[in-house]
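Read through the structures below before going on.
Below, chain A partners chain B and then partners chain C, in two separate complexes.
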Partner chain A sequence: MTEPLLRIKGLVKHYPGRRRLFGPRPAPTRAIDGISFDIHAGETLGLVGESGCGKSTTGRAILQLVRPTAGQVRYRHQDLTALPAAQMRDLRREMQMIFQDPYSSLDPRMRVADLIAEPLDIHGIARGPARREKVAELLDAVGLPASALSRYPHEFSGGQRQRIGIARALALSPKFIVADEAVSALDVSIQAQVINLMQDLQDRLGLTYLFISHNLNVVRHISDRVGVMYLGQLVEIGTSRDVFARPLHPYTRALIDAAPSLNARRRERVILQGEVPKAGVPRGCIFRSRCPEARALCATDRPQPREADGRLVACHNIS
Partner chain B sequence: MSCPAPIAALAPDLLTIRNLRVHFPGQTGEVLAVDGVDLTLRAGEIVGLVGESGSGKSVTAMSILRLVPGARSSGQIALEGRDLIGLGAAEMRALRGDRIGMVFQNPMTSLNPAYTIGNQLIEAVRLHRPLGRGAARKLALTRLAEVGLTDAARVFTSYPHELSGGMRQRAMIAMAMICAPALLIADEPTTALGVTTQAQILHLLDRLRREHGTAILLITHDLAVVAAICDRVAVMYAGSVVEEAPSDDLIDRPRHPYTRALIEAIPSETGDRRRLYSIPGAALMRPDAQACAFAPRCATASERCRAARPPLITSGARGLRCWHPLEVSP
Partner chain C sequence: MSLMRLDPARGRIAGFALPRLPRFRALRNWRVSLGGAILLVVLVSSLLAPWISPFDPYAQDLKAALLPPGGSHLLGTDEFGRDLLSRLIWGGRIALLVAAVSVVVSLIAGLFLGLVAGYFGGWLDALIMRGVDILLAFPNFLLAIAMVAILGPGLANMLVAIAIFGIPGFVRLYRAEVLTLKGADYVEAARSMGAGPWQVIRRHILPNSIPLVIVLCSLRAATAILVASGLSFLGLGVEPPLPDWGAMLTNGREYLRVAPHLTTVPGLAIMALVFAFNIFGDGLRDILDPRRKH
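And now, the complex of A and B:
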């Protein structure tokens, strides 16, 4: 297999506990606790998990929008975590982000033409007629009419605003895009339009996506491979087809079983008891407190990701 | 997860809504948020009210509670035979929290952050029941245990911020159920929750309606949530119910083009990378009252659809507002 576009190795992001006036410093919050995976050029890697599992932090840590506590993010033979800020800024042209909320990520006082041109201006790429041409091209690529140029964000619906966000992300001709809950705030019919658009753009421009979402059906639809996160760790990663058809990790199974579905209605579900704990644990398996199959070993040894059935699974009961 | 509809089908009508219209004053004239909604709920039944943003589903629900400030409503809303639209403010207040319970998407906006869960529950009971503090406390603890809060005594003395999102939603359901209401209105009760917590809460709602015979009006944008627990479902578009049917019928055999589009826009579980079906355009804020509101986005719309608004025709358990219903294979 060819060298992956991105190789994430042992990525960690800990946030220090807030110091109280008296008493010991609390333990750090382990937002991401040592995860490793590859992203191949041209693929869509889905990242799923419930709120607080660290999937958004992972996306941000890869782009160096938050500085990782430890670990490496290798992109084309360079470790992004060790790169000086100026070089990182140049590289950022190649890696962009699409956010969940197209309402709060667009400056309400800027016209669409300027919003889309902003990345071009910041990186000093195009001016004058070239700038206008590029903006028109981007607008066309995301399926917005030319009349949109002189209008403001509030004049658009949620789906149209997300198209503006996508045009901004595409402005610098990136290779890699992190889409963080990019369609989660949209109505189903609009969500379908935006997903179709993202797939068309990928086919046309050869983009690579890290698609972060809590919506399993959407991730299953758009992703070639999928990683499942729980409490800052990657518990399973494999092809979408394998993971959804035959989930191996007990958490993946519980997650898929809990997701409401049109096809499997009113089935007897195995409902996972309890809730996601507030923080990760320093030792043992992070899922053991809710796992129906936990045994003594799970409390003492952290399971390492191991190859099983064509994918990686971090569970002592899978061999 | 739940039994099929027949039990509820024999139950008496609990809530009937007839030709509900809700207007809001706007800068450029009135906006018709709800345009002729008809809906019936029987005791013990879970009915889903589904639609996209702006379809009028929440305004319909809030109109039942008469909690739509500034709006002008007309039509009929009857609960247990009493007309709610003509009811005085004090009588309406007595009904809310007693015969009608409410659960919202974000429990933090409904719970008072300055009082413990226990104090809020006791207040809710004593507003409607002549109970002493001790008896009210006992009832509150019973309800907290009923909604699956295993450590009810601890939750009772906790402040809302000390609980997790799932626990807060359970506490709010306990408060909504405190007087064992005949009707529970749940507006996107699981939208803010994680997948595994959502499954727990849906399961809980289903259990509560069995134990108390409470009818539930579940407002949601998610047809899959409907599929999980609703007996019947009404689909709203631009302020009107366009189709109504038992949930399985509606999902397996939709007859309105909008319903079918909604179902087909959901990524399938076979996970193939086909293009998703998407509805062109977006819903209009002020559709033409003389035409079918969905006509501008409908693939099968004809001259007739643009010239006259189809009426809601009911036949058996199904209702439909369309001039050209989709054929249903038997």
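And now, the complex of A and C:
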């Protein structure tokens, strides 16, 4: 197999607890607790999981927007985590981000032309006519009229604003794009348009996406492979078809069962009991407090991701 | 007034996009228009003082001392027979000078320190903010008095004292604004595009903080004038015979019963100017508050 575009190895991001005047230092919040996966060139890797499981932090840690506590992010034989800030800034031309909130991710005081050209301006790439031409081209690529150029973001709808955000992300001709809940803030009808746009652009420009979302239907539609996260760990990762058709990890099963579906004749649903553990992560399997199949082993040993049925699953009950 | 020219569609100051302000909307706000009108009157009369003041503000005429308002001396004369209206007009220059110096110093130092503390954080933030806390722990006015007492009275020393003690409040408020703006998604977006800290500050933080800066400046001007008048009133500021509103107030005090206009007129002038700066700032804040938009 060819070398993946990105290879994430043992990525960890802990947020230290706030030190109190008296008493022990509280345990750090483990936003990402040692995850490893590859992202191959040209694919869309979906990342799903419930709120607070570390999906967004993972995306940001890969782009070094938050510096990981430990682990490696290898991008074309370079470890991004070890790169000095200045070199990382240059590399950012190749990896961009699409944000969740199309309202707050666009500076309200900048006009669309300047918003889209911002990456060009930051890197001092195109000026004058070349800049205008590039902006017009990008605007056209995301299906916005040229009349949008001199207007301000608040004059646009959510979907249009997200198109502006996509145009901005494309300005530097990146290879890799992290889409962090890129469509979650949009109306359902608009979501489909934006996703189709993203897929078109992927086909045309050979982009690689890390598509972070809590919306399983969207992820299933757009992703080639899917990773499922729970409490900062990756519990299952495999092709989209496999994971959705035959989820192996009990958490994946519960997650997929919880998603609304029009399919009336479905098997017994797994409904999770219990709460997400609060302070730190318990010993053993992180999911055992809510797992319907937990055994004694799950309380003592943390399951490592293992190859099973063509994918990686971290569960003692799968072999 | 000058706000009419802040047409956002093409207006840019020093490379920053200006806040969006529909033409004339600023004038529909009564605070802005009333405050602006008073400021305009003071500004124009101060600039034109040599030409519009009816008498020499220093010319004494003891025969015409303590005249009541009316007649050829429109606002009357003081104990030396100096024309009160002329002194009032010339005094506006000092009031505006105090305001301008204080605003410029607070603005430059406050912006810089607030940006560094808010954006970069860490030990620099701690250092700057503890310094600010120390200055803020003392009453502004008392410190200005103490400083002038050390440096000695006089216009220049008073300007220094007032300017320096305007900085901490500005730093604290501006730092809070920077912290808010720094957390915005578009700042993270800029970082993800590869913008360095100064690029983020120049492209996003500064332009988005312009409304707050305008408001802080106008409120700072009002405070500076009030403190300056107070210092002059206590004899620690402008020295006679310079025509200063606060000093005029002190002189007139002794003649309160025979010539009440000597205290009333400069007192009203101080009040009007401070009031004007305050409501002007309030009004601008209302107009420029981003939460009022969209």
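In the analysis below, the second predicted complex is superposed on the first by the 311 of 319 C-alpha atoms of A that agree within 3 Å, B and C clash if a C-alpha of one lies under 4 Å from a C-alpha of the other, contacts with A are read in each partner's own complex, and residues count from 1 in each chain.
In the analysis below, a residue touches a chain if its C-beta (ideal position, glycine included) is under 8 Å from a C-beta of that chain, and two chains touch if they have at least 3 such contacts.
Worth saying up front: this structure is predicted, and the values here are computed from it rather than measured.
After superposition on chain A, the partners chain B and chain C are seen to fit next to each other with no clash.
With both structures placed on the common chain, the touch criterion links A:F244 to chain B but leaves chain C unconnected. In the superposition on chain A, contact of A:R109 is made with chain C only, not with chain B. Geometry note, superposition on chain A: angle between chain B and chain C about the Cα centre of chain A is 80 degrees, to the nearest 10.
Contact with chain B, but none with chain C, is seen for A:V188 once the two complexes are overlaid on the shared chain. In the superposed model, A:R92 lies in contact with chain C only, and not with chain B. Shared-chain residue A:L65: touches chain C; no touch with chain B.
Number of chain A residues touched is higher for B, counting chain B against chain C.
The superposed three-chain arrangement places the nearest Cα atoms of chain B and chain C 12 Å from each other. When both complexes are aligned on chain A by C-alpha atoms, no chain A residue touches chain B in the first and chain C in the second.
Residues 1-2, 52-53, 164-167, 194-200, 202-203, 221-225, 227-228, 247-248, 251, 261-263, 265-269, 271, 273, 275-279, 282 of chain B touch chain A in their complex. Note for the complex: chain C touches chain A at residues 9, 17, 19-20, 184-186, 188-196, 199, 203-204, 207-208, 290, 293-294.
Residues 50-51, 157-160, 187-193, 195-196, 199, 214, 216-218, 220-222, 240-241, 244, 254-255, 257-269, 271-273, 275-276, 278 of chain A are the ones that touch chain B when the two sit in their complex.
Of all the residues in chain A, the ones that touch chain C in their complex are 63, 65, 89-90, 92-93, 96-97, 99-101, 104-111, 114, 118-119, 121-123, 150, 152, 154, 165, 168, 172.
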